[in-house]
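Here the chain labels run A, B, C and D in written order, and each chain numbers its own residues starting at 1.
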Amino acid sequence: MQLLLIALAIILVYVVIAHVGKAVELISLIKDEKQRREDSSRTQAFWFAASGVFLGLFIGITIFTEWHKFLTVPASEHGKWIQSLIVVSLVITGVVFVITNFLLFYFAWKYRYRKNRKALYYPENNKLEFIWTIVPTVTFIILIVMGVEKWFKVFSDAPTDAVQIEITGKQFAWHVRYGGPDNELGPRDFTLVNSSNELGVKWTDKSSRDDIIDDDDIVLPVNTPILINIGALDVIHSVYLPDFRLMMDAVPGVPTKFWFRPTITTEKMREIKNDPDFDYELACNQLCGTGHWNMRRVVKIVTEEEYKKWLSEQDSYFETNILAQN
Amino acid sequence: MTTDTIPGQFSMAHTAHHHKQTFLTKYIFSTDHKTIAKQFLLTGMFWAMVGGLFSVLFRIQLAWPDATFPLLETLFGHWFEGGRLSTEAYYGLVTMHGTIMVFFVLTAGMSGTYSNFLIPLQIGARDMASPMVNAISYWLFFIASVVMLASLFLPTGMASAGWTIYPPLSVLPQASPGSGMGMSLWLCSMVFFIASQIMGGLNYISTVLNLRTKGMTMFRMPLTVWALFFTAIIGLLSFPVLFASVVLLIFDRGLHTSFYLSDLYVGGQALSYSGGNPILFQHLFWFLGHPEVYIAVMPAMGIVSEILSVNSRKPVFGYHMMVYSLLGIVVMSILVWAHHMFVSGMNPFLGSVFMLFSMLIAVPSSIKVFNWLTTIWRGNIQMTPAALFCLGFVSMFISGGLTGIWMGNATIDIQIHDTYFIIAHFHLVMGVAAFFGMFAGVYHWFPKFYGRFMNETLGYVHFIITFVGAYLIFWPMHYLGMSGVPRRYYSFHEFRAFAEYDNMNILITTASIVVFFTQFIFVINFFWSIYKGRKMKTMNPWEANSLEWTTPINVNDIHGNWPGDLPTVYRWSYDFSKFEDEERDFIPQTEPLSQREIELGNNH
Amino acid sequence: MEAEAQYRSQVKAVWRATIIIGIVTVFEVSLALSHFFFFYEHPKLVINVFMTLATLLKAFYIIAEFMHLQYEKRTLIITLGLPLVFLTWLIVVMLVEGKFAFSLLH
Amino acid sequence: MAEEIIEQEQEQVAQHFSLPDTNNEEGGEHSFLGASFGKSMMWLFLLSDAFTFTGLLLGYGAIRVKSEWWPDPNLVFNSMPFLHGKDVPLGFVTIMTTILILSSVFIVRAVQEGHRMNRKGVAIWLIWGIIGGLAFLGCQAWEWSHLIHSGMRPFYNVYYAGADGQTLKLAAAEIANHPASPGPSMFAGSFFGITGFHGLHVTIGVILNTVALIQTLLGTYHKRGHYEMVEKFGLYWHFVDLVWVFVFLFFYLI
């Protein structure tokens, strides 16, 4: 009953709107066609310009109030490069955005229909068109050169002393494995997966014996290159660490990797953000099923001493879980 | 005035069509391109409403993730178990929203409607090259629609792997409930849809190439025809590759081959798939997927060029450049697909090449924007709803297009890939903008569709709310995306960093609800005007030059468009305000060059 | 009788193309078999290149002669030829990607 | 000066009127492609179908490039009907290729006879073409059933790498002990998938040619005054042949 009433009310609103529209049309038809066109063009040009002003204010104000949210501090080395590229792009596109949109609204207002005026016959101007072909091209080429340079730096080979960790996605959680004391990850085989060996690590291989598998927060040292070996067990996931500007898909069957150098510890970031509960969060960024939104892991960036201390406290997964059980 | 009242004038060549028409042959199984266009339009409108409704439903979940809405349970049943959208239904709705909007509305609804309607009318042809293939094209689309619609009501849930259906998620029913029957129907529907698009595209291309009337050289065609022609070419070249990828996906699902699958451990057991590569699918998919966005937006570009020119009483600025930039977009759009996969684990070197192409595709787009701006400069802009939607299109296209320069830059893409930033980008540039083009087209050609006008006041209300609303919906998403909020999340409350944007999400959802309900003003206006709208009294109400306005008012009763001979064309369709001292500010394409013009030279 | 002469020359052209295609096929198969029987220990790359070129030659004769394309209007040839640029790019990308996946795995 | 322009313009206009009309019954702009809309539609369709097949073949190619090892086709496709136990590498498939190419030639001949309005000639060559197509399908059926009998499935491949990289074959009795395919399973998957898809095209082509044959025998085309339909179906048939040339290269030779 309630539903019916709501539906009726909505329909009634629409009927009223439609009738008003019809009435306005009937009234306007009394006028001379050209006069009518001029009047309505003025009204509509006004409203269009007004909406432009409103949107300009909305965009302008929100950019300043949300600034700190969307240009957050990058916590990694390559994050800073990305940030600088973003700033350059923001300036260039921002200027173009303001100018073109302003011209659009301004022309719409200025050159609205008047019955006694004629438009200018202006079909072509090759010079003008040439200019606005060349200028964007040059601008984009500059942006491309800047981008490509950084792109190859981001995807260069990791330094040999990089800390090796492995992040494996599955529905709907992350498995994390550290190289352990020898900083080397043992090989894996998906056919070996079972409840005590959820990653399918080959324990026969020596380098896997000291690997650390830990379900707690991910701990990593600051100012040290870290190579993340990324994999997935079931469907495509994506390792996404927004604060480090790090994203790479986890593809089953095709190992991927990403290396980065964190520059700010969790403690320091808490100070910067003035937020004592702040944590770096690892999220999944590729639709992986109904629990896609739920794959959270906290990443703790600590100083190198703390990291060494933490590392020495960890036990080899093989010794504590596999050997102990058999 | 029906065709019977003008005996002898009706073309000899088409007397075959002049038999007695029943309701079925005239409105349902018609081979007349105008009727087929309307069928596409109405089906597209139906799907647009469904797709829009879906977006509102999942936006409600995003704005108020912890609230319950018993009303929605009454309305939508098990999707809203206990008044809350279930995760399965959420991902199903997200998937369907994308699929419906991209394929059924912006591809079939858009180019299906306008290619069918405008190509023959604007190049002066009696019908499509093959009216039969044309009708089959619609009915294949109809079958695709029915299958897709059926999949919505499956008890096991609709397809829920995203509209991009990345395997392995879309292959393994163990991985997602929607990847069972729902995905099967999705793929089945897609096969019909691709067949429909290819048949349509073949027809559009050969019509433009072969059936132009006397004097209608390629460079006298209106830009709408150019845009639709290029759209058809893109579709013809890229849909087959989607077909190949879908076929391989079907092999993987049905025959257990492993084109896309390798090394999987799902649901507690290791599967026997081996040797495949999920990234392979992404390449094949995006080979269509990227051109697809141009398939959606290019007809709108053509429509906007045409309507802006007509309504500002000025020739479109840089006609040739507009054509070449469209051509540039066609060529580039098929070369840049992998910028959707910069962080998918593809070869970084290829990534840089794709970045180069992706950035350069912005050049033809920016040329178009500047040309549109110059078109309205010193014009005499009549603010009809159609013109307003075109202006709105240009604004949306600028705002959404500029962020494309960010996304195309692979290095920046590492940060904003698959976040709300990309949602904002593509909704503005190819979602809302393409819709605006579509609305503009409907308002502009409605008199040609139905012989009556749409109500302008309702059109104005529709425009201004939609325009402002669209910005309010999509602009804040840039902020969300820049701060790292990923797309396709059911709730942001799990993550501390993403949970702080509740206010913004509520703003977005509220705006989207308002905009959604505003669209009903358009729908009501549309159907009301079919029966009660102001009647068209003159043949050329907008005082435009192109050929469709030389057809009689009752053109819908004539299968063959022109009762007499086909018109002959002597000029391009943009001779507006050519001579300041003349009373009339337009010269139709069918008018021979005057002595004065010949003396002036340099005519199109 | 001009039509008749033209007909005869066309028929001749088709049989000529058939013979060429036949010879090329024999050439291909013999290349493949010679590798199999005599050079099995050696990499097949050079032979693969030659076989691909031979196949492209065959494809050319099928398209030009059987499908009659070389006698069609130039615009048709160009219209059908230009999109092959896209195909080439797709092929290059896919094979590079396959190789890249190989390098990641091994 | 002005007169020249006037003359030019008039000439231009006159040209528009005198252009021959090939397609539009009422005369229009000259055809851009120089072919009727039916033929251009067929050409464009074949272009798009070429993209489909390239997509499929690339699915196979990218996986093969990614794989460490691939069975040697000389050792897989080495059987001949009626020659049990004899080792004839690539023999049978060469015969298949020859059949399909010849059948394509027969259709060309039919098209040429069509240009001469020689109804009998068209019919005879069409019959030969159809026989060729059916023979090819028969060969493919034999090859498929042979492979299936030896244990191959779309997801299961009995050919695997020996210790020093040579191609070995799993005996029928051993298959039960190998639940997962011992060799690259996509060898079988892509072979069945793509030759199957090609076979579907051949089947459609045979049906189209049969339709053309019936119409020819009924005299429909003769009454129409041209045999363009045979030409269009012929284009499709040659395309099937063209695809096979590449399938032959990628699956059997390389």
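Convention: a residue touches a chain if its C-beta (ideal position, glycine included) is under 8 Å from a C-beta of that chain, and two chains touch if they have at least 3 such contacts.
Here the structure is a predicted model, which is why all the values come from computation and not from measurement.
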item: Of C-D and A-C, whichever chain pair has more C-beta contact pairs; value: C-D
item: Most distant chain from chain B, judged by the mean position of its C-alpha atoms; value: C
item: Intercentroid distance (Cα basis), chain C paired with chain A, Å; value: 46
item: Euclidean distance of C-alpha centroids - chain C vs chain D, Å; value: 13
item: Chain B-chain C separation of Cα centroids, rounded to whole Å; value: 38
item: Sequence positions of chain D contacting 2 or more other chains; value: 32-33, 40, 47, 50-51, 54-55, 58, 62-63, 66-67
item: Set of chain C residues in contact with two or more other chains; value: 83, 90, 94, 97-98, 101, 104-105
item: Sites on chain A at which at least two other chains make contact; value: 254, 256
item: Every chain pair meeting the contact rule; value: A-B, A-C, B-C, B-D, C-D
item: Sites on chain A touched by chain C in the complex; value: 254-256
item: Interfacial residue positions of chain A with respect to chain B in the complex; value: 2-3, 6, 10, 14, 17-18, 20-22, 24-25, 28-29, 37, 40-41, 43-45, 47-48, 51-52, 54-55, 58-59, 62, 66, 69-72, 78-79, 81-82, 85-86, 89, 92-93, 96-97, 100-101, 103-105, 107-108, 111-114, 117-125, 128-129, 132-133, 136-137, 140-141, 143-144, 147-148, 150-152, 154-155, 170-171, 190-191, 193, 200, 230, 233-236, 238, 240, 242-243, 245-249, 251-254, 256, 277-279, 281, 283-294, 296
item: Complex contact set, residues of chain C against chain B; value: 83, 86, 89-90, 93-94, 96-98, 100-101, 104
item: Parts of chain D lying in touch with chain B, wherever the complex brings them together; value: 2, 5-6, 9, 13, 16-17, 22-29, 31-33, 36-38, 40-41, 44-45, 47-56, 58-59, 62-63, 66-67, 154-155, 179-181, 184-186, 188-190, 192-193, 197
item: Chain C contact footprint on chain D (complex, rising order); value: 32-35, 40, 43, 47, 50-51, 54-55, 58, 61-68, 72-74, 89-90, 94, 97-98, 101-102, 104-105, 107-109, 111-112, 115-116, 235, 238-239, 241-242, 245-246, 248-249, 252-254
